[in-house]
Structure formats: C-alpha cells, structure tokens
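Two complexes are shown next, each including chain A; its partner changes from chain B in the first to chain C in the second.
Coming up: the complex of A and B.
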C-alpha cells in the first residue's frame, strides 16, 4: 500500500518534502519509521535516538490529526494515508 | 482617550482599526519574554503601533554574534544588558510607550509574578524550559500567550488561549534538544513580526487568531503550512496529567 510522508523543517532537507512509501498492508508507524530510517544515516539520526527509540520531541500527524506518543505503536495505516513529521525548532 | 498627536501619528491605522482599536492598543500591557531575534522585531512593531505598555524580560548582555538578527542591538551596545539596549531604541521610536525592563531569566519561580499584570504575553524565548515556565504562568493567570520559535530557515507560531486552545505543553510535550542553533536573521524577523501581528489582532479584536493551529514557516521555498491542533486531555500543564510524570517540567 502507498503511504505519503510529508516532512517539515530539517527533516524535509533529509528525506525531501513528499515521499511515497510502499509498505505492507496494515503496517503501523514503527514500520514506516524504519522504512524512512533505512534511507540514510541522517534520516535515522533525526528519527531515532542512540538507544533506537523514536525521538521524543518529534511531532507526528496521520491524515492531519496529531498522534500522541502513547498511540505511536497502536495506529494502523491504510492505503492513501498521509503521515506528517515535524521536528520542532526551539530557538529565538 | 487618544491625544490629538496620537490621532495624527496613528492616522493611517486608525483608518483601519478605528479610534477604539487604537485606544485598545494604548490600554494594553504586553509582557515580552526575550529581547533576541524574535523579541526585537516584535517589540519594534508593537512600539510603532502605539502599544501603551511593554515589559521586556531578558537576562542576557548583547554579544557580537547577536547582531545578525537582533535588530534593536547595535555595535555600540555590545556588553550592555539587552533589556536596556532594547528600551533605549524603543523609547526613541515611541516616547509615549511605557517600558519596564527586567533583567532576569524566566523560571518557574518568577514567571507568574512577571506576567501577572499582562494583557497579553509573547513567548520570544530561546529555550524550552523557560518557555514551559512561561506557558504555565499564562495558564495560571488565564492570559493569552503567543508562542514563536525559529532555527535556520524554519520557524513556527501559535497562539495559546488558556481554557480554549492547546497549550505549549500539549503541542510540544517533550522539548527539542540543543542550545545553540543556526539562524538566518530574516527567519527570526518573519516569525517575530508574525507574533507582533498576532498581538495586534488580539488587542484590536480585528482578524482571526492562530488558535489551535501551528503555523510552520519554511524559508527554503517561503512556504507556510498549518497543522491543526487540539488540547491534550492528559496534558501535564493544562489537562489531567500530573506534573511529576511530565518530562518537560516547568522549571528552568
């Protein structure tokens, strides 16, 4: 199934603005993250910390709806879903 | 009441917001946390718009490396307190605005006292621990807070209305890492001006606020995207979540 990933801010520089991934049916977000991470070390470093956990500050949205961290493992993706990834900035 | 001089000075915007809108700006007290890349342009435009009172909070002194973006601080100001440097320029551009300068770090200890009198708070800080402390103070007082942040070519903005919108802790429950960030001056200028613009909309009542929306500015292609937000019922700051389980914390 095809899932569209929209990347924002620094993550856009690493994976591109829009990426279409072909994932197995009923994949969850961890499968999508792993697919993105496999594209480059930079991509992996932006999504995962040194312990291999998803970086806590990164914001995820599925079909424009915010996904709380507690639901990261339970959400199932469907053909045509759009996942947005935003690593927020902090400076001023 | 506006003076004749004020009616002339602000005539081009009174034609748009009316004398009532101008009077609201004059009656308002904005507490601006941060006199850096975001705070300088925000303060400058609020000053020339005829804001009545501005409190500027910043504990830093002006450094050479600030000058690419912090437009109220000039070569001559290196080593001076940013609050004093900013106050001098703002007072020169608008002698009628009352300015309080507070040379302090925003913390969980002082944030409530510093913001108690505010009509509106602007979060132009440069780190999340202080931003969380300011967010908590805004929630406690029920005062709206306009949040902005930048790095490189990237920036974002949202307006938090306590009891109505997602708060900063709902949106960003975990702080991004890093302390020193690369920054192009125009990125800070754009987001800082958007914060001032939100303030003018809020204070005059004219326009639609960025409530429950995160505006994401991408300077690579000068594009703007909006993410829809909603309050998190389990938020440790404004919801049912308890502070001790929150990883963000409210202390600086």
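Coming up: the complex of A and C.
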C-alpha cells in the first residue's frame, strides 16, 4: 500500500519534502519509520537514537492529526494515508 | 480572520476591523524579527495543519475567555530584521480577558502550530530549536 510522508524543516532537508513509501498492508508507524531510516544513514541518525528508539524530538501526524507518542505502536496505516513528520515547532 | 501569508500586514487595519459596539478594549501582540546578528530568517509551515491548529486555538480562546473576536495573521517566507512575523488581535468587552486571551494565544502558537524558523547569518544558517515536543 502507498503511504505519503511529508517532512518539514530540518527533517525535510534530510528525508525530502514528499516521499511515497510502499509498505505492507496494515503496517504501523514503526514500520514506516524503519523504511524511512533505511534510505540513508543521515535519515536513520535523525529519526532513531543509538538504542534504536524513535527520538524524542520527532513529532508525527497521521492525516493531519497529531499522534501522541503513547500511540506510536497502536496506529495502523491504510492505503492513501498521509504521515507528516517534523521537529518541535518554533513559530510565533 | 486566520491567515498564513507571505505578505506583510498593517496592524492598524486589523485593530480598526476589531472595533464593535460591544468591544471596550482591543489587545494586540505583534511579533517582529529581532536583530540577533542575523541577516534574514526563513519561516516554513505545514500550511493545512497550521491553519487547522490556529483555528482550534482561536476557538479555545473564545470559549475560555469573555472575548468577542480573535484575528491571527502569521507570515511565512524570507523576512528581515524589523519585519512583522505574527499579529494577534483580541477584541473584548473588558481589558482583563483580552490581555489573558492574547497571551494564551501566543503561548499556544509557540507550543503547537507547525511553523519553523531558520536563521541566516554571515557564518551560515541554523534552525531555531523548538521548545515543545
């Protein structure tokens, strides 16, 4: 299934603005993050810490709704979903 | 009005627009680019999500405080020292709730609205670190 990933700020500079990933049906966010990380060492270093956990400063939305870190493992993705990843915001 | 725009704005226009027979005070916050030894800043947004979040913050402010109107204009793109970044205009019957609501809105914007700043100096560039994960 196709999932669109949009990345912003320094994440955009590393991962790219828009990435379409082809993931197995009913994949979750950890699978998506692993797929992104496999694209370059720089992507892996930005998304994952040395223990292989997704870094604290990675914020994510699915279909423009913020997903709390506590739901990281419980979200199931579906064909056509849009995942956004970005660092802590700094507007205002 | 909630807007994200590359264009500059005139705060006076929005202050006048907030006038109303029930409004006894208008409180504004204008964010401008400070000279921290930078040559420019660039603001980036996830526009659809940022507009949605700004609307949610406006609605929260309207329900939490006794205020009549909220306008938020946030700029993106390349800005120079002294340029406007953001304008918040709160109209209310009485000043106290207008001040509180205005502060609440700018604090919430800094916490959750997907907008980022990159600073440019003569030495290079850096992303301004956000404070809230």
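The rule is short, and it goes like this: the second predicted complex is superposed on the first by the 88 of 92 C-alpha atoms of A that agree within 3 Å, B and C clash if a C-alpha of one lies under 4 Å from a C-alpha of the other, contacts with A are read in each partner's own complex, and residues count from 1 in each chain.
Here is the rule we use: contacts are C-beta pairs under 8 Å (C-beta built on N, C-alpha and C of every residue); 3 or more make two chains touch, one makes a residue touch a chain.
This is a predicted model, so every value here is computed, not measured.
Engineer: Which partner chains sit in contact with A:87 here, chain B, chain C, both or neither? Use first/second/both/neither.
Structural biologist: A:87: touches chain B and chain C.
Engineer: State whether A:64 touches chain B only (first), chain C only (second), both chains, or neither.
Structural biologist: Both chain B and chain C are touched by A:64.
Engineer: Should A:39 be classified as contacting the first partner (chain B), the second (chain C), both, or neither?
Structural biologist: Neither partner.
Engineer: Considering only the contact definition stated at the top, list the common interface residues of chain A for chain B and chain C.
Structural biologist: Shared contact residues on chain A (touching chain B in one complex, chain C in the other): 8-10, 12, 56-57, 59, 61, 64, 66, 84, 86-92.
Engineer: Quick check on the complex: what are the chain A residues that touch chain C?
Structural biologist: Residues in contact with chain C: 6, 8-10, 12, 56-57, 59, 61, 64, 66, 84, 86-92.
Engineer: Contact residues on chain B for chain A in the complex?
Structural biologist: 34, 36-39, 124-128, 131, 148-152, 154-156, 171-178, 181, 183, 188, 214, 216, 218, 220, 225, 227-230, 232, 234, 247
Engineer: Under the stated contact criterion, what part of chain A meets chain B in this complex?
Structural biologist: 8-10, 12-13, 56-57, 59, 61, 64-66, 68-69, 84, 86-92
Engineer: For chain C, which residues are in contact with chain A within the complex?
Structural biologist: Going by the criterion above, the answer is residues 31, 43-46, 48-50, 52, 74, 85-86, 106, 109-118, 127-133.
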